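Below you will find the structure I want to go over with you.
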Amino acid sequence: MTLLAVERIKLFTTRSPWWCMLLALFLTIGLTAVIAANWNNAPMPVLGAVYTHTFGLYVIMVMAALAVTTEYRFGTIKATFLAVPDRVSPLIAKAVVVALLAGLVGEAVGFGSWAASWLLADDNSQLALTTANDWRHVAGVGLVYAAGAVLALGVGALVRQTAGAVSIVLVFALVLESVVGLIPNIGDDIQKWMPFTVASKFIFGDPDASGMPDGAGPPVVGELSPWGSFGYFAAISLAVFIISLVVVKKRDA
Amino acid sequence: MIEATGLTKHYGATKAVEDLSFTVSPGRVTGFLGPNGAGKSTTMRMILGLDRPTSGTVLIDGKNYLDLHRPLDRVGALLDAKWVHPNRSARAHLQWLARSNGIPDRRVDEVLDLVGLTRVAKRRAGGFSLGMSQRLGIAGTLLGDPDVLLFDEPVNGLDPEGILWIRQFMHRLADEGRTVFVSSHLLSEMAQTAQDLIVIGRGRLIAQTSTRQFIEDAAEDTVKVRSPQLDRLRELLAEHGRVSESATDAALVVHGVEASAIGELAARHGITLHELSPQLGSLEEAFMQLTKESVEYHAHD
Amino acid sequence: MIEAIGLTKRYGNTVAVDNLSFTVAPGRVTGFLGPNGAGKSTTMRMILGLDRPSSGKVLIDGKPYGSLDRPLRTVGALLDAKWVHPNRSAKAHLQWLAKTNGLPSRRVDEVLDLVGLTKVAKRRAGGFSLGMSQRLGIAGALLGDPKVLLFDEPVNGLDPEGILWIRQFMQGLAAEGRTVLVSSHLLSEMALTATDLVVIGRGRLISQSSTTEFVERSTENTVRVRSPHADKLGALLVDKGFTVREDTDTSLTVSGATSDQIGDIAASAGVVLHELSPQRGSLEEAFMQLTGDSVEYHAAETGK
């Protein structure tokens, strides 16, 4: 418990996490509000309300990466390892704190976007959260943010540099996963198993496709069920994080 | 020669330097001492025309720094070794500096050799240790073969060999008739380096004198005495001066009695002496004595 | 107490620390000296469990750092004053550090006061001068009131008052029976601070001894004698086989004899002494003598 308090103090006594959180909220809810205000032709679906969540996800992942890379940059990681030489427990504590925070931001993003849509859309008849699927679309954002934060933290701990960690995360999520689909023949098959693609299936995947308007993209479930998709994404995040723990433990600080 | 006359610098209501006048003579190493916040850096920056005095003047060989033609030929200054672009090589850094004052490229290699950086001249300066950066900074000051040299904490980050080297180097520069002005916090080092001292506190001049004079004026001289008949000697000496016990070994520290007088006294009473050493006060004691009032952050014991 | 036993660290083909064994005893200030690149930092990092030895081990009170429970209560270290997040306040920095080892936040205020930073405790550490950062680092080392303290270049950036303060402070810690290991390049400062020395060069132990011994062993020791009867005393000393140099009519420099021996001879001959000062070499001379061939960058000897 004390280590959780330690990481909480560390996180909230500098400014960048606050900026990241505000930016995540502002970007997602703001963009959703713009979309909702201009959604005129049909009732707005729940999926439309959480469409922008990925922007916030990237910001939160940057925050998570920074939470560990700045410790390397400023040498506080060494002070941490001097205080807690087993090295693993402070990193786990950091992951818990960052993941919890990311989860909270994610919930705020999900429900904030949904509420903005509810207020601003011309026709909000489809926005009511009636089914378990509807709830997953909105509340699931928090889970994806939490898992994404753990993934970014792991990358940060492996790479140790802000620039490196942030570019790896962003280039992978924004570029690589799309580009891989362009590879002839096997591209689609690989893309299906890419972590961020799978994560989006958890948010957007809907076994009942009737809620989607035409042309809004295929709301298909991936190879896995929606919850299976989340499990897959979380497992990858956890794996990267565990690898980073092993490396940090072995490596000279 | 550097001459400050009524030099004053105010930042808003803060008086960083207040009516400061002093002269730094050629042919000597002059130490510039003062507690943190005394105004040493500001003074150095005004000498070099980086900061503008609120009032007063500071002249280098009779001229304002800003009026010097090709200033690097007249004045070499090392204020902060980190004023180097980290991705530029040591050699490239010196080359642009040299070019700016029409100094030939050959001189770049000479000064690199002088400070012992020839082997790493092509490496990027960002990867240098503090000690190597310091040497690079010193190389920069020497480029124009100047008559006046200013160093701010030159031994910072140097290892013992580097410290010895720069001390001897500064002595040699002074012996060649140059004006060498060194600011430092390391009094034990300055005691060995500087022949003259300028001491400031709270922006004002506290002392301008030779190092020896400064110590003699402010610190108390004592005599350390060891003897197999220490108790007897203690009684005898107590009649003539103040006697305290040495902290490190079985010896007496005698205040206010000349060593020769102690020797005569011991001989008269047939007391054997094992040591009779006059102890010079330290620059540190003298400095603490004189700057007590002007220290910025006091630590508690 | 710190014990290094056969401590070795290799980076690829480079041997940074080579079979290094030494002991740092409690109750004294031990200086840790060596030229640049001698392996001092690597050794300190291995003591603190930050770097893993390639072989050998280093123990603190019989245990490796990694197996200490709440290590800040046993060991306090100041390796680099810049190991602070620049946007965090001094107080917040110490607070998280205190929390890691279950130390009360009252202790944070105590150490801030001890190093004289109470007034600026809420200011962001990034705006601190090197001297203030150094004080903050020292405050961090003291948090757990540890029995073993390690300082790397502690006077770096401190002003004369700060230097005097940290020297007296370290001596005070040693007098309380703590183990104090200080690494520094400032030999004139270390001569005043350290009673024992561990000297390394190119990763190997060069010497472990008291400071006095270290200096006496590697520099020439003479005694300066002043006396109104210098010629008489000089002749007596020459008879005993000591080397005597006459500096003036009343002063001599004697080699080969201790000041005790000279004092005894003078007393038995009834010669009045005006001075009898053992002249010791400096720590710097001794250091240069012993580490001469293990220096990384040699500056050119000749000037322009």
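We just call them A, B and C in the order they show up, numbering each chain from 1.
Assume a contact is a pair of C-beta atoms (placed from the backbone, for glycine too) under 8 Å apart; a residue touches a chain by one contact, two chains touch by 3 or more.
Just so it is clear, the model here is predicted, and its values are computed rather than measured.
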Exercise. Across the interfaces B-C and A-C, which one involves more C-beta pairs in contact?
Worked result: B-C
Exercise. Taking each chain's centre as the average of its Cα atoms, which chain lies closest to the overall Cα centroid?
Worked result: C
Exercise. Could you state the distance in Å from the CA-based centre of subunit A to that of subunit B?
Worked result: 57
Problem set entry | Computed distance of Cα centres, subunit C from subunit B, in Å | 22
Seminar exercise, completed: CA centroids of subunit A and subunit C: separation to the nearest Å works out as 51
For this session: Using the touch definition up top, name the residues of subunit C that touch subunit A in the complex.
Result: 45, 48-52, 65-68, 71-72, 75, 77, 79-80, 82-89, 92-93, 95-97, 99-102, 140
Exercise. Which of the residues in subunit B come into contact with subunit C in the complex?
Worked result: 33, 35-36, 110, 113-117, 119-120, 129, 131-132, 135, 142, 145, 155-165, 169, 172, 176, 185-189, 191-192, 226-227, 259-260, 263-264, 266-267, 270-278, 284, 287-288, 291, 295-301
Seminar exercise, completed: In their shared complex, subunit C is touched by residues of subunit A numbered 2-3, 5-6, 9-10, 13-16, 70-71, 74-76, 78-86, 90, 250, 252-253
Problem set entry | Complex interface listing, subunit C residues touching subunit B | 33, 35-36, 113-117, 119, 129, 131-132, 135, 155-165, 168-169, 172, 185-189, 191-192, 226-227, 259-260, 263-264, 266-267, 270-278, 284, 287-288, 291, 295-300, 303-304
